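In the two complexes below, subunit A is the common chain; its partner is subunit B in one and subunit C in the other.
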Partner chain A sequence: MAATNAHNVAFVADTQYPDAPPPASEVGVLGWLKENLFSSWGNAALTVLSIAFLAYILPGFIDWAVMKSVWNASSLAECREIIAARHGEGATGACWAVVNERFNQLMYGFYPDELRWRPNIAFLLLVAALAPVLFQTMRPLAYAMAGLLGLQIIAFAYKTYTGAEYAIINPTLIATIAIGVAALVFQHQRGKWFYLTFAYPVIAYFILWGGVFLEPVETSKFGGFLLTMVIGVTGIAASLPIGILLALGRASNLPILKIICTTFIEFIRGVPLITLLFVASTLLNYFMPPGTNFDIVARVLIMVTLFASAYMAEVIRGGLAALPKGQYEAADTLGLTYWQGMRLIILPQALKISIPGIVNTFIGLFKDTTLVVVIGLLDPLGLTNPIRSDSAWNGIIWELYGFIALMFFIFCWGMSRYSQHLEVRLRAGDRR
Partner chain B sequence: MAEVAHAPEPQAEAPAAMTVSDEVAIDISGMNKWYGEFHVLKNIDLTINKGERIVVCGPSGSGKSTLIRCVNALEKFQKGSITVDGIPLTSDIKKIDEIRRDVGMVFQHFNLFPHLTILENCTLAPIWVKKMPKKEAEEVAMKYLTRVKIPEQAAKYPGQLSGGQQQRVAIARALCMNPNVMLFDEPTTALDPEMIKEVLDVMVDLAQTGMTMICVTHEMGFARQVANRVVFMDQGQIVEQNAPEPFFTNPQHERTKLFLSQILAH
Partner chain C sequence: MSIAAGTPPKETFRIDMLWTDERYRSLFIQAIAMMLLMLGFAWLVSNTINNLSALGKDFDFGFLSEPASYDINQRLIEYNSRDTHARAALVGILNTLLVAFLGCITATFIGVAAGVLRLSKNWLVARLMSVFVEGFRNVPLLLWILLVMAAVTETLPQPRAFRGEETGAFVATNRGIYTPAPVFEDGGWTVVAVFIASIIGIIVFRKWAAMKQAATGEQLPVLWISLGILFVPATLVYFILGMPIRLEYPTLQGFNFQGGIHLRNSLLALWIALSLYTGAFIAEIVRAGILSVSHGQTEAAYALGLRPNRTMNLVILPQALRVIVPPLISQYLNLTKNSSLAIAVGYMDATGTLGGITLNQTGREMECVLLLMAFYLAVSLTISALMNLYNSRVKLVER
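Then we have the complex of A and B:
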């Protein structure tokens, strides 16, 4: 070819090379393996070590958690007897029976038995209220409801199989089907679903706390994951807007506003959440007129929200600072007012940059809800103490904490996955 | 230097639309600005009539960008006055917004909104500031995008366009607000050489419609072709101003001579 000695003599290209496919070892499964698992000797050694580690750990874990596990027993001693009878003396297996027996308590705390359909419906409506925020159509909501319907049918089948009472026609099931059908029928009217989103706080308050024609339930009865969800969801939903306002205040040109916001952020961020919770549970009473009974859960909600808002404000301030000054100037020169510029130009970009930090704060907040145990509220972790001090379950550790950890993991991992999906969706098209 | 390569032929006669009215568009008098202790702009007096096209040039740090950024209140000034279309520029945010609606600006780094399409970039301000119906705003936007010769890019995002195309969108975006005055802050400095011409062509075209323009630029070919006046600034003050022909062929001040010899030497 003409190119062979192009580097030392004057040269004019006389051909146009056609596009050729890459070598076979660089594409497909082989290419992926080579690039990701065996790209170098060090990498290959790590791959082999990891596989060896999994091979060492997994069989034992599966044997304990699945093969030799017990789902139906009324005490830890009974569990052990069953395992010994089935697998011989000295065999160990997971005693999931504790989760099975205390499932309702772990979910609802001491919410009255016959009213537990109310938290269920509040949860279903929460999913429905979140769907328009998270997705472009309502189709995912229909899938979610189908999944939850499936779970209820499995629960019904299991309960019937074990001989327990379980009414298949109940308010939860009806609500699941109703929401699922509505999601299918109105799947493209995303805008309309936002009405539900905005009304949701009031609806949820009414359903959970009761009032008017629903029997009132005191918050001292709230517990388990119900409490986690109430605190976590309220904190998440309220801390984002408050955090945005605080961040804008801190970035503002108005000195007094700036000082107020900065002081608030630094003060709240500089104090441990536990301190704020103690303030909520005890100190706050001293500042209120005698005899006022300000709901303890409501007080906790306020403190958790303020705490998360301060962190949120700093995350969003990072996003605001990352935007080039030119974006602010362009918004100004077009004659947009401050709020128009923020809403249309600055915040959409700043929030997008901040997504990883925002979701990080959400996840942190969701897990911090377990701290309410220090002021005597019984979230799932708070319930482990009464369960473990029950003589029937005395000595149980792994199964109980493992289940709670799994529940938290599902929610936190879900948030994390969604944020990654959102980043990819928002990145489409607008590369700088 | 690149500028010289595509300097257009000086035109024998300006088109009819390029005539200058004797109404004043912008009046700057006795204007001074400090950054802290640093005196950036010193006693600036400049009156620009409607339809005039002013090219501001000078070495970097001479205050030329700061000067035009003062005209639409992106920068504050401490002394003197600026009046735009009869509206005095004060710290009153209403007056500032009024002036900004009347004055379009094009930046060195385009400053398009990366999260919006080209069309949305152009319709945003008319819809929100002028309360124009969306459909009408889109028609106006397409008219100006056609004028800057990129109507086919309307559905794309800024990141998918070349620098020259982005700058033309920025010009169209400013024009969509139907401004009386256009400010250009080094519109071609951030562009690759082969894209400078397409932007300058649009600016020449705009000048021929009789738009009042202030351009901070070192494109001397452009200055010769369209400017009524060239203003030379150095160290925060106006050192010399003149019509382009005498300015380039017969500069008076030593610093002007030095500057011109440096940028035209290649």
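Then we have the complex of A and C:
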């Protein structure tokens, strides 16, 4: 009856008024600040504390690491002279020149200079071998190779600028271009690329160790991130299949098999990797027939693989246990044999569930490769000692550790990001 | 259709039934596995025996009772270089347990704080905690230990920098941190005994208060009474006996500080690095645990009229803990095993004594590594037994 008594009402709105804008403290930058940084007294205090912390740490750090850093010098003393000349006496800055000058050593260890194209090509092939596992088409591999090509051109430009000898036409460059072109041409034949993945261990062995028609290189020359990659990649590649078998053994209903697998897994998981490396360095030769003498890197590879497989087995066992019992029964009902059922029904699902755990194991293994320092192998951390015992770089600490930490961070963080992406991609089947 | 009555045709055993017939297959496979395992073991053992006899070595733990003749600067029990290898190993084992114990406590605090703050609504704090967690999780622990060690030795002042200064209770030098040490005089241990008795008293009192609340509904001010029981008797006894515990402050004598407790660089570096590294992992566990309790639980508790802190204590925490505790304990286990990295900074833990100097001095690789593995295995199995006990206690009882 609003219309009928409109005459005795003071005012009736006959149109909708537009909404008043929200108060300035609720939208825009201010609103965001209020919502996210100063929503309560406690929050405001935390924010102020954090800002104070950042203000205390960051300016000094940036000043040291970027503003007053030196990239070109041949010794720590020269670095200090340059900094003193540029910024006055008493100024401190990062001497990244050590990374610049010892870059090759940190990457390849004592691998012979003229043969360093071989680890390069092994690395390129590793990227190519991983691409079919990581991606749906080979196009990202072509992008990756283009990026690496760009890096090499930058390196060439930098070297010629500083007046160093650098042959632009070298095996690494040719291999980069060849793999990139192959990736573009065969980008939709992902299945074919898996042959490379399976052949990779053999190829990499021949490229790195030599033999047949390549000059052999002793493993005592392996070092730096090359050694990290050799141990890490071998451990990762070998531990997955062994881990799957161990997990199946532990989850099986054959009591003796189960006891064997469980004992092995619990034993390996119960002792630190260092003790296993001690076994590699001191005991493994005792276990082999008299006269066999295989080198320390191979022994470390065996122990690291055993170590990683035990952890992998536990992760995969978790995945097997998380599957509903109906899946196992369904496989039996279809009349599949044990291995058919595992291969076609159980493992694809169990492995999918265990991806985060598997990648965590990979990351852990990759970080654990640094422990080989303890038995005297020269991985990047082990190389810091010879570098510092050189009189030119005596006393350098933060720059070396910082660089190594950054490299590990990029690798491990990249892996964990990829696993999160993979989880999302594989969950596509569960989305409705 | 008629079937001939009588005994069914006698089934004859054929050799291929071993791997085609369900009845024999599992036994057959297991027998083969067992045989292969035995053969493998026999091969390894015979190789070892051959190798050892070729080198003229034997397998003998007698070296443990010989004098160790090396010094260990960090020790919890009396030890000097004339003591036996067994004693040295014990010192190392206690050092491992010490750093593991300290590390577990600090890592838990760091982890819980970082995990809760990472879930904070405060954008800046959440980001900072993400940086901390990702930074520590993605860089090798050994690198962190070496970095902290370098930070302690390079940035702190030398002891002689404190000459002529009033140093106070805590001194941080590049040789480590000095803290006051308690000195027990006559009756000092009585105070400690009273304090321990008060703690037992609190436990009994809380049990009694809970029973009383269950029976009558009456709530006692448990917190205040507990605090009273904790401090009042011990303080009274302390003053009645004439203050028998006093603190000994570190003082500079010559080139070094004397007195007080000396936390050496190696212990500090290991402790700090282990705590931060494991703390980052624990932070993720805590975060996942809190996120795992569905929001409906909080709402249900509010609907029942529970206040926020009681909701946290009675509804959220018990459910989150069920998710948090098992991985938390396996992190403790990891921390204990990772403490073997002590060897990189020269902290004499079990790996440094038994697997380090003793092994090198006596050349008994086999025995030393076996003993070392047995020790770590014993610790691991104990901790996982405790974890299983906890798991079975908090397991959801299903139909």
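Here is the rule we go by: the second predicted complex is superposed on the first by the 368 of 432 C-alpha atoms of A that agree within 3 Å, B and C clash if a C-alpha of one lies under 4 Å from a C-alpha of the other, contacts with A are read in each partner's own complex, and residues count from 1 in each chain.
In the analysis below, a residue touches a chain if its C-beta (ideal position, glycine included) is under 8 Å from a C-beta of that chain, and two chains touch if they have at least 3 such contacts.
If you're wondering where the values come from, they're calculated on a predicted model, not measured in any experiment.
Once the two complexes are laid over each other on the shared chain, residue contacts for A:Ala330 go to subunit B alone; subunit C is not touched.
With both complexes placed on chain A, subunit A has more residues touched by C than by the other of subunit B and subunit C. After overlaying the two complexes on the shared chain, residue contacts for A:Lys352 are found with subunit B alone; subunit C is out of touch.
Of the two partner chains, neither subunit B nor subunit C is touched by A:Thr92.
Within the superposed three-chain model, A:Leu344 lies in touch with subunit B and out of touch with subunit C [touch as defined at top]. Applying the stated contact rule after C-alpha superposition, one finds that A:Thr263 touches neither subunit B nor subunit C.
Comparing the two complexes, no residue of subunit A contacts subunit B in one case and subunit C in the other. Taken in their complex, subunit C has these residues touching subunit A: 26, 29-30, 33-34, 37, 44, 47-48, 50-52, 54, 117, 120-125, 128, 134-135, 137-143, 146-147, 150, 154, 337-338, 340-341, 343-344, 351, 355, 359, 365-366, 369, 372-373, 376-377, 380-381. Of all residues in subunit B, only 72-74, 97, 100-101, 103-105, 107, 109-115, 117, 124-125, 128-129, 156-160, 173-174, 177 touch subunit A in the complex they form.
Residues of subunit A that touch subunit C in their complex: 35-37, 39, 43, 46-47, 50-51, 53-54, 253-257, 260, 266-267, 269-275, 278-279, 282-283, 285-290, 363, 367-368, 370-371, 373-374, 381, 397-398, 401, 404-405, 408-409, 412-413, 416. Every residue of subunit A that touches subunit B in the complex is listed here, in rising order: 324, 326-327, 329-330, 332-337, 340, 344-345, 348-349, 352, 426, 429-432.
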